[in-house]
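Below you'll find a set of structures to go through.
Below, subunit A partners subunit B and then partners subunit C, in two separate complexes.
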Partner chain A sequence: MTTDAIKAQLTLARPLRRKAAEGIGLNSAAGHLVMVLLSIVCLFPVYWMVATSLRPANAIFETSLWPTTMSLENYTYALDSIPILRMLINTLVVSALTTVVQLLTGLLAAYAFARWRFRFDSLVYTAVALTWLVPFQVVMIPNYLLIAQMGLLDTISALILPNFASALAILLLAQAMRSFPKEVVEAARMDGAGSWRILWGVMVPNLRGTIASLAILIFISTWNEYFWPLLLTRTADNSVIQIGIQMFMTSEGNQWGPLMAASTLASLPVLVIYIVLQRQVIQSFMKSGIR
Partner chain B sequence: MADLVLKHLKKTYDAKQVLHGVDVTIPDGSFVVMVGPSGCGKSTLLRMIAGLEDINEGTLTIGGVTMNDIDPADRGCAMVFQNYALYPHMTVRQNIGYPLKIAKMPAAERDRRIQEAAAILNLTDYLDRRPAQLSGGQRQRVAMGRAIVREPEVFLFDEPLSNLDALLRVQMRIEIKRLHKRLKATSIFVTHDQVEAMTLADMLIVMNAGRIEQVGTPAEVYRKPASVFVAGFMGSPAMNLMEATMGADGQVTLDVAGGRPMLRLAGLAEGTPLTVGVRPEAITLMPEGADGLQATVELVEELGGSRIAYCALKGSEIAVVLPPGDEPYEGRQVTLSFDQRDLHLFDRITGLRVEIEPSRLEKPQRTKVAAH
Partner chain C sequence: MAIAASAPVQRRRINQARFSPWLYLAPAILTLVVWIYWPLVDAFRLSFFQWNMLPTSPQTFVGWDNYQRIFALPKFWQALRNTGIYVLGLLPLAVLIPLALAIYTHDLSPRLRNIYRAIIFVPMIIAPVVAAAVWRWLLDPNYGMVNALIEWFGAEPVKFLSDPKVAIWTIIAITGWKLIGFSTLILSAANANINPALLEAARMDGASKWEIIRDIRLPLLSSSVLFLVMMTILLGAQWSFGYINVLTGGGPLGATTNIYYLLWDFGFSTMSVGWGSAAAVILFLGFGALAFVLFRLIDRYSFHDN
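== the complex of A and B ==
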């Protein structure tokens, strides 16, 4: 091929390539635009909550994007009105313990389902899966009666006790354990490891991604739990933060400033977890297939 | 002593029988290779020996002790898996030392054994790496190290070289053989690769459809295949198999190629359907018109050290191993010539070998079959 012919081909190829590159560029820009819009939709309520919490009472219904005057009076009012710190500690204890206990029971049950064959195993597994579909309203009354009979009303333990096991945790972990390489488990058996050692020494260290993402899911859903604490708690000192927030919503009207201040404080721990562990959280969610 | 005795071992999965009563004795210190096509039950048999699969029927004894209900860890067996099965979160040192840690061996002794195994397998420089940071060959060596440190009576290898590239396979094959010579522990190696089987084994067990077809040394299995299956499976290129029938005059005649007489054999009933086999390396190509089977060379594969010619013979294909050379054979008419003593005969109904005793042969010299 002569140099001219090569040049001619290159000249022909260049616009095509540029066109292709432009196509990719446009697609990419459109994708980014959609993502930016979605991010704004997600972030704006959070921003508005923080912004409103910083507006003084007389400017609470201001519609300006940025507060014209800023004050921390809503925070001082909220902190004085209800024991927010106490409630945050309660919520933290309930969420952390529920997460740990659900992971523990989930891991044990999932191992049994994934690794052992016993009579009616698939039936039991289906039954566990079906409990996930039972609405909270159905178990609410029996659970309440049980807790009342045990004399645990208005206690922190009553908030944790009915959440000792979660179908979601069992199903998710069982699935992860089923896809764990069989040969590795068999190698451990040949090496002399029993079920207990295989679970804690071989499986759990390799399922950290799934366990981490599941822990975050359980933690957040427990942190946001409202209805069950509302039924059980009687005093502010034994309440969780979601109940505290609700205390600013009265029949005489909502106290928007303190409400937003308390909501901001309630969101902080979860936000901090996300910001600090952002990379790990996203990685573990992607690895475990949870979106 | 770790003689392994398998007595009438059977295995059934969901009413489907995959092993139909396996009987074999594996002598202490031998290197036994179980070979067979996919799904023949060789891996299942190995896993039954390891204790990873239940034995439905029959007994397994190692060193005289019945092992049917003994836990895998207590059978004195160590296994090397096809996919290495290393613990991804542990370093090479921790992987190799894991069985010793479980056995609660003192740290000093454990470390000594790890170092020793690492030295044997050239892994000393990699002890603090994780499996993900190793190449396939290195990972397989770690898996072997984990087996060695236990000082087992029996090594079980489940297709351990399948995931390696061709060059590494050969290297690892030699390393495994060297290791066996050094440790002298009974080793059972499962593979579907017959080159691996031939090169490694002291004793070959050829399996097919859940049954043992033949047990013997590689040379025995190659030279005297017990069945038409073994004849076709062992050897590359495979043995040429042609259908034949016992004639009235005691001549075994080929069904193809116009009913050519192959050899004269006494003691078989007239009309007995037979399969005649001849190894590709036992055939010589002669010029067209010579005394022998007339065929056309369709294709020649160049292997460097030798060539394989595929010849068309009245609808069937005959492979012939040729010495290296440049002579263009493709498309040429040739004569296939072979010695009667290199022929193998199988009963076509039972598939079993029909022994050709030299005394029963008409002429012991090279037979040239007359052209029609």
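== the complex of A and C ==
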């Protein structure tokens, strides 16, 4: 190619590029407008929840964007009428235990899939993956009956038991372990490390990122879980916070102030996690798909 | 001597390879069998019995009666039709609009884009019950903000949750509100992964913006789009379950019932284990067949970058 040809191309390209830049400027203004609108739609309901919860009872129906007078009346009312603190602690216990146990069973099972070839291994793997597709509503009656037989209705442990393992944790961890360099595992084995020590001494420390993002995901989804507790709990003291919220919505009418206060309290821990670990939370949700 | 020493080691390793995986798998498999596979079998068995869930009352074998009754029930067909409406109604919110947004906003500055990302993701982490409560408040016919806005424009207030014609669309919109940011992020990520050299080459060849979208972006996004479409078809009606339960209870006049809600209704409102289980079996088989077809389609029709 001669220098002339290059020059010609450069001169040609220049006006083109300028035109493209202008296009982007205009487009991005419109793009911002669209995104700002979408942001408002996504954020306003959450803002309105907090704003309503802070209005005094006689100003609940005000429509000013910012509460003219603020009060914690709704919160004290909500705390007095149902054992919210107890419910929050229950939810915390259930979520934390579910997260730890699900990670444990997930790590063990994933390690088996990643480390060995064994009889029926792909069959078992498929069977694990398929459980992800079984809708909760299909197995809910037998599960309920089983819990009833075990005498665990209205207990915290009944909320945790069926979630001792999940296809999601097993599959995600198995994927991560499979892409783990084989040489490192082999080297550890040469040093005489058994499979147990390789798992906890080599694999787990190196998979911290995956484990942490999975932990966030399990914790948040367990915290937000509603149907299994709704089926099982009978008394407010053994309930989780999601059930507590529902207690302010009755067919006779809604107590909007306390309802918004309870909703805010229920969302607070998750929102705090989100604000602190925003990038990791988004990533962990995107990696795992929706569910 | 070296050989003699290595033989037991070898044997131990083989034995280990035989049993260790199962030891590691045991806790997970036990849980999945007890809480998913066994219940599936049990649901199948119970679908042939009549029983009201009381341990003292007898289980009577009724053969295929439960299935026949369900298929004869207008409520079942209404729920099935509504399930279809839920899925179709969600597709634009969970796939089409996010696709447009992802393509439209791909050249925003990274700083601002991160802020938008953080904001539009918020509905995803909000608990379904909280979302239901907040929307119930926003959509209240007398004091809700949405109706205040509608009246400010001079229109009649809408009974979002108690008008049988409107209610199902309200539930769909709330379900979509939870998902729209998430889908947009998935598609934006896929869009950002497109090799810039491809776009540059097309631009050099004089392709217009629209041609680039149609011939390069859309085909390369197709696997993400198919993934979201599949998720919506398989899980769409399930996502709306929480809002139905909290906001409408399947009403008014069954207008918002879908197949998942019907299961719940059979099992725990009418306490009819046989009907609930038969509906569960029908749902499971239908769901399985649909999943199978969709996975095959995705295998066949998704394009890849390389």
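One rule holds in what follows: the second predicted complex is superposed on the first by the 232 of 291 C-alpha atoms of A that agree within 3 Å, B and C clash if a C-alpha of one lies under 4 Å from a C-alpha of the other, contacts with A are read in each partner's own complex, and residues count from 1 in each chain.
Operating definition for what follows: a residue touches a chain if its C-beta (ideal position, glycine included) is under 8 Å from a C-beta of that chain, and two chains touch if they have at least 3 such contacts.
Just so it is clear, the model here is predicted, and its values are computed rather than measured.
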First, second, both or neither for A:L145, with subunit B first and subunit C second: second
Partner chain(s) touched by A:V134 [first = subunit B, second = subunit C, both, neither]: second
First, second, both or neither for A:P181, with subunit B first and subunit C second: first
First (subunit B), second (subunit C), both or neither touched by A:P205: first
Comparing the two partners subunit B and subunit C, which touches a greater set of residues in subunit A: C
Which superposed partner A:M190 touches (first subunit B, second subunit C, both, neither): first
First, second, both or neither for A:N254, with subunit B first and subunit C second: second
Touching partner for A:R86 - first (subunit B), second (subunit C), both, neither: neither
On subunit A, the residue positions that both subunit B and subunit C contact, one per complex: none
Residue ranges of subunit B touching subunit A (in the complex, touch as defined): 50-52, 72-73, 77-79, 81-89, 98-99, 102-103, 143, 146, 150
Interface residues, subunit A side, partner subunit C - complex: 20, 23-24, 27-28, 30-32, 34-35, 38-39, 41-43, 45-46, 48-49, 52, 60-61, 63, 104-106, 108-109, 111-113, 115-116, 118, 121, 124, 127-128, 131, 133-135, 137-146, 148, 161-162, 164-165, 167, 170, 195, 220, 223-224, 226-227, 230-231, 242, 245-246, 248-249, 254, 256, 259-260, 263, 266-267, 270-271, 274, 278, 281-282, 285-286, 289-291
Parts of subunit C lying in touch with subunit A, wherever the complex brings them together: 16-18, 20-22, 24-25, 27-29, 31-32, 34-40, 42-43, 46, 53, 55, 101, 104-105, 107-109, 112, 116-131, 133-138, 140, 143, 145, 148, 177, 179-182, 184-186, 189, 203, 209, 227, 231, 234-235, 238-239, 241-242, 245-246, 260, 263-264, 267-268, 273, 276-277, 280-281, 283-284, 287-288, 291
Subunit A - residues contacting subunit B, complex: 181, 183-184, 186-193, 197, 202, 205-206
